[in-house]
């Protein structure tokens, strides 16, 4: 079966799994599982934003958390000032997007590329971290929202049905919303990548100079890609602020920004489903490692009840054993199996043909 | 007047410590294009080694200047042989691996040392500048930075190892051309880088203290310094440290440590925007 | 939407119901107690001792036959200094483990993350850390000391000893901000002046310029409300600059993270601190406690911290409440505790203050001396007067917020 | 005669102290095919880079259809109608042949039109069979064809070919020459080449570069007879 057919089959599969997951989970899973899944869905959107920017746009962004955090803070601050969530939601997408556009213009039209992009984006998110982290004093507030510094902003009001303050979206509502948003994002990006634009940005990733000599302006294409990524990350941030009703500066921190990159690498760059899998996998892992810890001070407990230690070992092993990332490797495996089967069939046929011949 | 003098010392100290924490990374990144996210943990390990050594009655000076670099250097070589060497030319994967490594090292140190570790206090008392007292140890750190940088210069400039190193920086096959097997060069390089980080960590331990998660405080800053410096290991590190250190300290003194930090980061951004190849990408190209 | 809300309400109802049933329905299965603390990452230096103390408390209770004839099961979560995990684990504790009570949260930030979750899912919550005060929530109990209980005592003591000009340095977050305001209040009330208040984010490690600023201001003593591993470097640099001998220091945060053990005597001897608990308190209960603690966690255990004791006492208070209520049902236990239950704890008598859900307890001023904390003076039964000024859960039981107390 | 299609006015480029191209005055008429020869390091590639905006000249101007493009961006120049096939095949290795061609065709044609253009082009460069293969996996010669296909698909007015016959088998060289002549019916070309047979097959006029400057400019047969050219060029080549 040819690439196109396989592609469509894949899409259909993802859609089917996604939808059934969306519909069935709340009916069969415990509420706490549903709540955990909600945050995984939200983070998966964040992972997708980097999957686009880095995996397809070839822009190594070490500061995707900057847009994520901006989205969360924007929503929180706007929410305390407006009280009705429609505008805050839009702002939480528009502001990070605008910021990404600004930063992107600054970088791409300055011909900054490669690891230097990484450093600038990292630096930006660290600046945000330091600044927001030092706003604990009462003098730091935007409208009626106190920034809260290290403590962050607790008790953020949840989203409501547009236009109707009273109809607040409850916990299960959040699950439906986040999962639907993730699916929408996934298919939206699939469409984008299948479009002229998508094929061009991949071309630019493959060979920027050639694309230029064909008359494409890489700077413009990168800028747009980066901006879309920023918008998505901001949206994820808004949902995140809703999920925990809370946001704090650590959202801009080094750990957070590194995590997003880890998700994408683990899942596999240059795919969309990969980063989703990677994100959920890593998140689930660190939650699982933190839960039901043995308590005590003897040496073995110290080693076994030690989330970073174990997570670290797993990550290292992963790089060495699954270098291409989860999804691509599974893909290769599938291919190999198919070919193996094909061979067996072929050899199986030979004698029979001989008889007929 | 005395305030100026004091400020001057603090600026030089800031530059020195920035150079110290960065130079190890500069070598590893500059020569091997490995983004070592566990760099901070190498510094942290340096501190712990120094503490343990002094705990076992080793003179604090030996512990900081000899034991720490040697031990961390060995750890570096082990890491290179067991992990990094499989990842050359895969800069991104080295990021994931070293991030994992950094978590692992943090976890391990916590498991071994617990989270309450008796530190070492700064030797060499304090001295008076006009109305102010300041730590004599500050001057020691500055001195160490000078010696380390001077040493690197000497090695790069006058030894065969240095020649090979510069060669490898120009292009990786160069080393092979010079009749050395690159794996050896890489192992050595990584070891040296780690050792220098260990030294820095140990020397700074009495000032900033030692706890398993201190690495985070270092890694971003040193990475930014290295990239800001650009291709040339030595001139790059020195010039970037000088720029960032000065701005950071003056801003800190004029306002608060936060603004100092932010000023440093902002400078880094502007710098890279103006000189996309880092300082040495544009100036002192002939630098080492 | 409507469907969702209905189903969701059922969900929570169920969650709450289990709390009630587990009192009598399945009388023999263990009572779940959740611990949610940072056992790794930057804050583990505080979390580890707290969890150890809680572990001991639970084991003691079980050894004494458990509660209401049932064993107690400690479910221990490590939030890895990651806020997102606080939310996730609070949800798991309430919905999956369906625990009778949650002990947890270290920073005020983490408390404000779990508090709404546990309120929503009707799960009793104990926050056992010393903090800035002002939390007013009937579903929650705060067993740690607040500024009014310690600062009020330490400020005049230090001023009498050293002089009237104070320079305050504080961690740049709620606790530091608010505590420094209390310091200012009491300093001025005692006829002194505050030269300056400087704030530092928790990851600052270079204090060189600050130290020169302080020298320029020439205060009689420095008040430190610095917090966390990074801030330890201030004391090192302060001592290295030879300042310890010329300008003394007082604090209500020092030693909570065992700073007095991490630092060498030359770096911190003579510093004054004020807390509810010190390992060397001379009383029968404490001596037996310390003995038991060392037996369980080893003789070389650095020190039983203020926060560890807060957690230990938090659990003991809850257990008393359960005994009195004869049930682990949330509401019954709250009402029992609101009768003003008190226990004979290692730190002395500890009593729940019904209107604030905080504690009335002894505080002590101590001096750091060669890695030990020598108690100098005791103040019996201090009331949480700061929170009391804004919070009365007897009058308005549905109050649920953290007040910023006007100072 | 009409204004030239492409013109350079004492165009110069130096890197640090090295003078790669020194005040070159060069003119190319509409529809002309010009060969550029000269020893390695004569500055031919640098010259091309300046024409396509990959390098900004140190001095002098490049005029394309009367417009000064010396400081224009590479993509702008491409849009004006200059296409280049570099010496080392510069293609999208990670993409299939079809995608490569499509990226070019897509710039001027939209939707279905682009796809049909792609098919025609695949036919023309004889890669229909390999359409779905990754370019990175093709042989050097085939990748040359891919790049040629890319360049042609953007339908430029002027095409710069940097050693199109390099690394090609004998019959491939003939095929290429055939194609180049065919292209020349509708477009102007500048071809850098060392292979004299190839040049004879395609060119009438030849410009000789040496040490960054134009040495001579003349008809092929005269150039081949020119003693100067012999020793600087063929001599060097023999020596090399």
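In this document, chain identifiers A, B, C and D correspond to the written order of the chains, with residue numbering beginning at 1 in each.
One rule holds in what follows: a contact is a pair of C-beta atoms (placed from the backbone, for glycine too) under 8 Å apart; a residue touches a chain by one contact, two chains touch by 3 or more.
Note that the coordinates shown come from a computational prediction; the quantities given were computed from them, not determined experimentally.
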A correct list of chains touching both chain B and chain D reads A
Neighbour overlap between chain A and chain B returns C
Argmin over chains of |mean CA - global mean CA| returns A
The distance between the C-alpha centres of chain C and chain D, rounded to whole Å, is 76
So, in whole Å, the Cα centroid of chain B is separated from that of chain C by 38
In whole angstrom, the CA-centroid distance of chain A from chain D equals 44
Contacts with two or more other chains occur in chain B at residues 106-107, 110, 114, 216, 256, 258
Note: chain C residues in touch with at least two other chains are 40-41, 172, 199, 201, 203
Touching pairs of chains in this structure are A-B, A-C, A-D, B-C
In the complex, chain B touches chain A at residues 35, 37, 83, 86-87, 90-93, 95-97, 99-108, 110-111, 114, 216, 219-220, 223-224, 227-228, 256, 258, 261-262, 265-266, 268-269, 272-273, 276-278
Touching chain B in the complex, chain A uses residues 60, 106-107, 110-113, 115-116, 119-120, 122-124, 126-127, 130-131, 133-134, 254-255, 258, 261-262, 265-266, 269, 297, 299, 302-303, 306-316, 318-320, 323
As the complex stands, chain D meets chain A at residues 52, 54, 73-75, 78-79, 83-84, 90-95, 99, 102-104, 106-107, 132, 150, 154
The answer for chain C against chain A in the complex is residues 1, 4-5, 7-8, 11, 15, 35, 39-41, 51-52, 54-55, 74-80, 82-85, 87-89, 91-92, 94-96, 107-109, 112-113, 116, 171-174, 176-177, 199, 201-203, 297-298, 301, 404
Residue positions on chain C within touch of chain B in the complex are 40-42, 44-45, 48, 172, 198-201, 203-212, 215-216, 229-230, 232-233, 236-237, 239-243, 246, 257-258, 261-264, 266-267, 302-303
